[in-house]
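Given below, in the form of structure tokens, are the structures.
Consider the two complexes below, in which chain A is the common component and chain B and chain C are the respective partners.
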Partner chain A sequence: MKILQRIFAFLSSYGLSIVLLLLMMVLVFFGTLEQTRLGLFETQRRYFESLVVVHPVFGWFPLPLPGGYLLLALVFVNMLFGAIVRAPKRWRRPGLLIAHGGVLYLIVAGFVAYTYAINGNLPLYEGDSGSRFQSYYEWEIRIYEMAPDSEGRVFIIPQDEFEDVGDTGRVFYHQALPLELRVARYYPNCRPAPSRDAWSVDGVTLSPLPKDSTAEQNVPGVFVSLHQPGQEAAPSEPGILWGMERGPWRMLAEGREYAFALRRREWELPFTLTLEQFNHETHPGTTMPSHFSSEIVLQEGDAKRDVLIRMNEPLRHRGYTFYQASWGPTDAQPGDPLYSVLAVTRNPAGQWPMYASFIISFGLLLHFGQALLRYLRQQSGVPSDAHKR
Partner chain B sequence: MGKSSIVVLMGLLVVSACSQQPERQEIAEVRRADPAERESMPSFDTATRMGVQDVEGALPEAPPPPQDVPPAEEPPTPATSTIPEMPGGVPQLMWEVPAGWEEAGERPMRLVTFHPEGTEHTECFVTFLVGPAGGIVANVNRWRAQLGLGPLTEDNVAALPRLEMLGEEAVFVNIKDLSGTQEMYGVICPVPEGLLFVRMVGLVEEMEAERERFEAFCRSIQFVDAE
Partner chain C sequence: MRQRVLLLFVCAGLCFTSALQAESALPGPPPDWPGEVVDLFATLPVLDGGRVKPLDTVARFTLLRLNGRRSLRVEYDGGTARLTPIEWYLDCLFFPETAMHYRHFSVETSDVIVALGLQPHGRKRDRYSYSHIAPGRERLMELANEASRLPDERRDFMDRQLIALANNVLAFEGLAAFMEIARERFVVADNLLLAGAFPDREEVRISDIAAETPDFLTRLTASAHQLDDSEREALARDMQRFFGQLDRVAHDGNLLALIPPADHDDPQWMTPASVLEAAFEPEKVATAPIHMLELLEAMVTPLPDKNAFAVKAAAFHEAVTGLAEARGEYARIPLEVTYYRGRFFFLSQWLFLFAFIMTAFSWALPQSRRLAALLNLSLAPPLVLLAIGITLRCIIRGRPPVTNVYETILFTTLVAAALGFSVEFINRRRIAMSMGALLGMLGMFFASRYEARGGMDTMPAVIAVLDTNFWLATHVTTIIAGYGAGLFGAALAHVYIFGRLLGINNVPRRFYAELGRVIYGVTCFCLVFTLIGTVLGGVWAAQSWGRFWGWDPKENGALLIVLWALAMMHAKRGGYLRHGGIAVSAVVLGMIIVFAWWGVNALGVGLHSYGFVSGAWRGLIIFWLLQSIVTLAGLAALTRPVKT
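After this line comes the complex of A and B, so read on.
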């Protein structure tokens, strides 16, 4: 029991709080510097979404640091034990308790967003409708049923299910498919090159490139092979999938045609958006946009409603948020068709930071309000709560 | 736990670590395909799909006509046209206008504009810029931005397919916008005096049928002096 008590005392201590806050400062400092070298996406992944990070101080000295994920988990435990469980419960002064509860809620919101949120974009020309949106940097392998009498399905293998395959690979199957797809040797950024090495297919292989600091610019590739169900050891048909290929890999299996492609990740929306009109104004005498907005019709089943999406005025519907992100073509002539790009986010905790801010503000207002009242009472000669007790 | 159990466990670990059997995973996500997306999928061999060789070289040869069938009518001879003068003292250009293409009126910055017959929103046009004109990579990325796509790196652009015209290896770009509505074919040909651009922009369903004519048009372009 003594050991448990010591662990509890350590995890709830002020000392740990201070060390964690200092480490967070150091991590934010180094992470900010590294953005110039690695780019925003990669820095966020390595420094703030990791358990441990090794930072090269002056470019060569390896300094191990706890990652943002680990630090925030420890801050959560420290605050839960120190400020909620161990703190004296003085119910006549609940402000600090409420404020700390709000901070914990904020950390939980961050965790939920990190785990479940998805982000992408939906470009629409005037008059066009869309019911799916596309990721900026995630990819997926698609297996299309191509036979005219097929159901026209697409079988999806998301990037997180094949990005860690080594040379041995991973076999993907589905009971409705007369084939199995083995996926091996994934490159997050690569380009095709003529080659006759062991991995080449028809004289072409994938040549890895260093990751670009702008994640959207990476073009991945992967080696695949087809075999009959349960016959992984038998000779199989090799192929290559690349993010910028000019067409899919089309193959026959059991007399039915299938197409395989590596494409940016897409998600279906449970409703349809139609861009009725895109409006933009420029600063006088310039081509710089001063204001732009999209007049949208949201259709869900038979129900339709008009929506206006503007900068800082997103559309929120069924857990999705649509922001006015950009538009184009930027060099469009009068009369040319325009398109509007909506940034799409699905985050179950999208509104939680706002609620957490309300809770924290309420707790702090309560706390400081009570302190002010105590002070005013002392000044007017009325005994404070403490003196009453 | 006895020593024998530890040995068995270690043995299992070693066996599993050395196993070359790939893991198996069931596909959990199935969607309905967009019919237009399926219909617009070309069938190429690996090298062509990857842009390592030109499309034309990879297309299957047309079957020979049957002996007892009268030969088909000769396709109309493409019209040849030239433009009166080029900017920057550059030699005049001439080309063969593909059958079914109609020349449109003059447009600013363009040497010539064509509208393929039977299309509503598709047009092909030629522009020429003296000097480096920002370079090939910047121009490819400007086109991509116009269709809402992110930029490519120099390495990506270097891997793009090539099309031979004016004795040069011109960069060939085929871009579709994210909604799959608009498509663009673009060729950037470096010439000693600057960059020559040939672009075709239009709806995806109209563009597919024009690709062969677009490439033939690009190949037909030559300097008048070269005649």
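After this line comes the complex of A and C, so read on.
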């Protein structure tokens, strides 16, 4: 029992809060500096979404630090015990209680967003429609059943099932497929290159590249081979899948054609968006953009409505949010067709941070308002509860 | 063309110079513009950098860029004169042969002049005139071209100086040649095309050409079959010559977009050259404001008679402002001129200094509440001036107070100084007001330096993502208020630390404890504003591009402030820090604020790219080193006994 009390006392202590806050500071500071070297995506993954990170101080001295995920979890526990459960004088200082409650809510919102949110984008040329959006960073292997005599099904292997296959590879199968697919040697960023080594296929292999600091720029590739179900040892048909291939790799199996491709992960939308027109204006006499907007038609079943998406004014519909992200081609001449890129997110905690912010702000203003009044009263000689302590 | 015109002037100037053997080759005082002319041109609206602004503003920042100062000293035989930016600008436009002798090119090192094969003045850092630099112009352009081919991070001081000087020389040449479009005369007899179009004229001007030639060309095309081969050939040759000349003039006339289009939906103002071009385009000719070219020509004709010029200038001004008013683009022009002429920030800077000196003297005097109250009032005038300046900027642009880096300096200064003023009412120890005055002075000085270094309009058009007054007003101003408070707290902490370090104990009882409490209170203020500002930024980001937090460097900078202030607060409550510890931590908070404010911008990554600053590292590192020393000194001071 005593041990439990001591653990509780430790977890709810000011000392722990201070250490956690300082560790978070150090982590954020290094995580900011590292962005110049690693880029945002990689830094975020290594520093802020991790349990532990080893930071090279001055580029060589390895300093192990708790990662953002671990720190926030500890902060949550510390705050829950220290500021809510065991808070001294909590009813006389409701501001602090409210503010800390708001921060807890914010951390929960962050956790929900980290776990469940989907982020992607939907590029549309003027006149085009789209009912799917694609991931920035995640890829998948797709196997299409080809027409004419097929059901047109698509089989998908998500990235986290093949990104760690190594040289030996891993075999994927499905009862509806008359073949099995071995996937090996996944490169997160690579390009095809002529070669005659053991892995090359028809004189071409994949040449790995260092990861780009802008994660969207990485183009992955992977080596695959096909064989009859259950006959892994038998001779197989080798192939290469690369993210930027113009067309898929086509193969015949049992008289039916299949196509294989490595593509950005996609999600289906329960409605369709059509880009009627993209507008962009610049400040007169300059090339500095002043406004972008996409005139969109949203179609759901038979119902259609017009929508205007522009900077700072996204479209929210059925849990999805569409933001004006970018456009192109930037060197378009007047009259050329333009495309608009809409950033798409589905985040169950979408508005929670805003509510949490209001709660925190209210709590702090209440608390410091009270504190200021107390101080002023004390200055003017009126006794206050500060003296009674 | 512009270069050719100037070279002519230069040749004339060089003969003159060699005769005088001195560079201050101005034989007499610079042109003396009547006040009304200066006012007319100051309030002339121009479209520049994406917004309509007074010519006065354009002139100010052009001169600042070239000269590094907001006015120009001109030496001439028999005296010196000080020119305002608009007077200098008018000289460049209308008397380029005089302006080319003005020493308005600020050169940081005479090595640049030596590199051009020229004789520098005696001092390392000095100002040069166009006539001095002209013989090395070709060399300058070659060297600057080479330097600009290097990637930015590989350019050294010399490269930057060469590029800057080349740009400034080009800017001056552009100015000097701009009015050529109004001055240019075409001799009719020289050219078959003109002879056909203007049979009874000896010479014509651009407005005549814009009005008559397009029609004549149409008629000519229709009747071309009546000409024989040799006539056609001669005509073609003359036409080519004519259009070549027209092209050159048009090129010079593109500098200033000072003609509002009659079509209210067209945001693009016209330059004299674009009016000329429109006259030759069938779909635009009907609306081309050719009469504006006539007004410009009428204006330059009477020169150097400045009184006759004034009458014509008024006519041009009236025509332009009439059109601009009809488009709703003139209303704030006179206000902007007033804003700059008011020199609110300049006055504020010196009044802050005055206030600081007053308070500093008063430390030697015995403690008197009345004296303290009176002295504190000396902070009011510079504060009011600063507030008026900021308010005028808001009105002129229709924007909240902070939309760019320059304005963050103004607003941070306002908050810090205003806190000094208000805290003095709570804690009458003459410390808060002194620090308020000191920060006010430093902030205004820094703002002025920053403006001079950039030499660019500090009220530019805002980029698309910032086009939301609500979030600018809430997120940005709260964050900046937090910066101001934190820096004020850090300044108070310096007093605490040095007071204790130097063993200043002839102070009232509980002085340090009280000061520590004030520092703590100000830190709380900083925390509340930074925290609310940061989450508001998150909410804006969530609204605009779908994520509350993106680990963007600027966001992280604000988060660092929040985390440190929170750590201070918890340490105080947990009994780990007392007044001294709070003071030392407040100095560190100041260092973190400077990192969030300037350091992350200098990193050069992230979304907040409206505020990248280059070459700021040296200053930043010096600041952090000094503050680290203060922090260490603070830790040492904590070991000294204190009167409580």
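Methods note: the second predicted complex is superposed on the first by the 342 of 389 C-alpha atoms of A that agree within 3 Å, B and C clash if a C-alpha of one lies under 4 Å from a C-alpha of the other, contacts with A are read in each partner's own complex, and residues count from 1 in each chain.
Quick note on the criterion: a contact is a pair of C-beta atoms (placed from the backbone, for glycine too) under 8 Å apart; a residue touches a chain by one contact, two chains touch by 3 or more.
Just so it is clear, the structure is predicted and the values come from calculations on it, not from any experiment.
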Looking at the overlay, what does A:R86 touch: chain B (first), chain C (second), both, or neither? neither
Quick check for you: in the superposed arrangement, does A:G169 touch first (chain B), second (chain C), both or neither? first
If we overlay the two complexes on their shared chain A, which of chain B and chain C does A:N119 touch? Say first, second, both or neither. second
Between chain B (first) and chain C (second), which, if any, makes contact with A:L22: first, second, both or neither? second
Given the touch rule stated above, what does A:Y14 touch, chain B (first), chain C (second), both, or neither? second
Per the contact definition in the header, classify A:R6: touching chain B only (first), chain C only (second), both, or neither. neither
Of the two partner chains, chain B (first) and chain C (second), which one does A:R318 touch, if any: first, second, both, or neither? neither
Seen from chain B, its contact residues with chain A in the complex are 20-27, 29-33, 35, 38, 41-52, 55, 121, 145-148, 150-153, 155-156, 158-159, 161, 174, 177-179, 181-182
In the complex, the residues of chain A that touch chain C are 13-15, 17-18, 21-22, 24-25, 28-29, 31-33, 35-36, 40, 43-44, 48, 106, 109-110, 113, 119, 281-286, 288-292, 311-312, 314, 321, 323, 325, 343-345, 347, 350-351, 353-354, 356-357, 360-361, 364-365, 368, 371-372, 375-376, 379
Considering only the defined contacts, which chain C positions touch chain A in the complex? 47-51, 257, 267-269, 426-427, 461, 463-465, 467-468, 471, 517, 521, 524-525, 527-528, 531-532, 535-536, 538-540, 542-553, 556-557, 559-560, 563-564, 566-567, 570-571, 573-576, 600, 603-606
Can you check the complex and tell me which residues of chain A touch chain B? 121-125, 128, 130, 134, 136, 143-146, 152-158, 161, 165, 168-174, 176-177, 182, 184, 191-194, 201-204, 209, 212, 214, 216-217, 219, 232, 239-240, 242, 244-250, 259, 268, 326, 328-331, 337, 339, 341
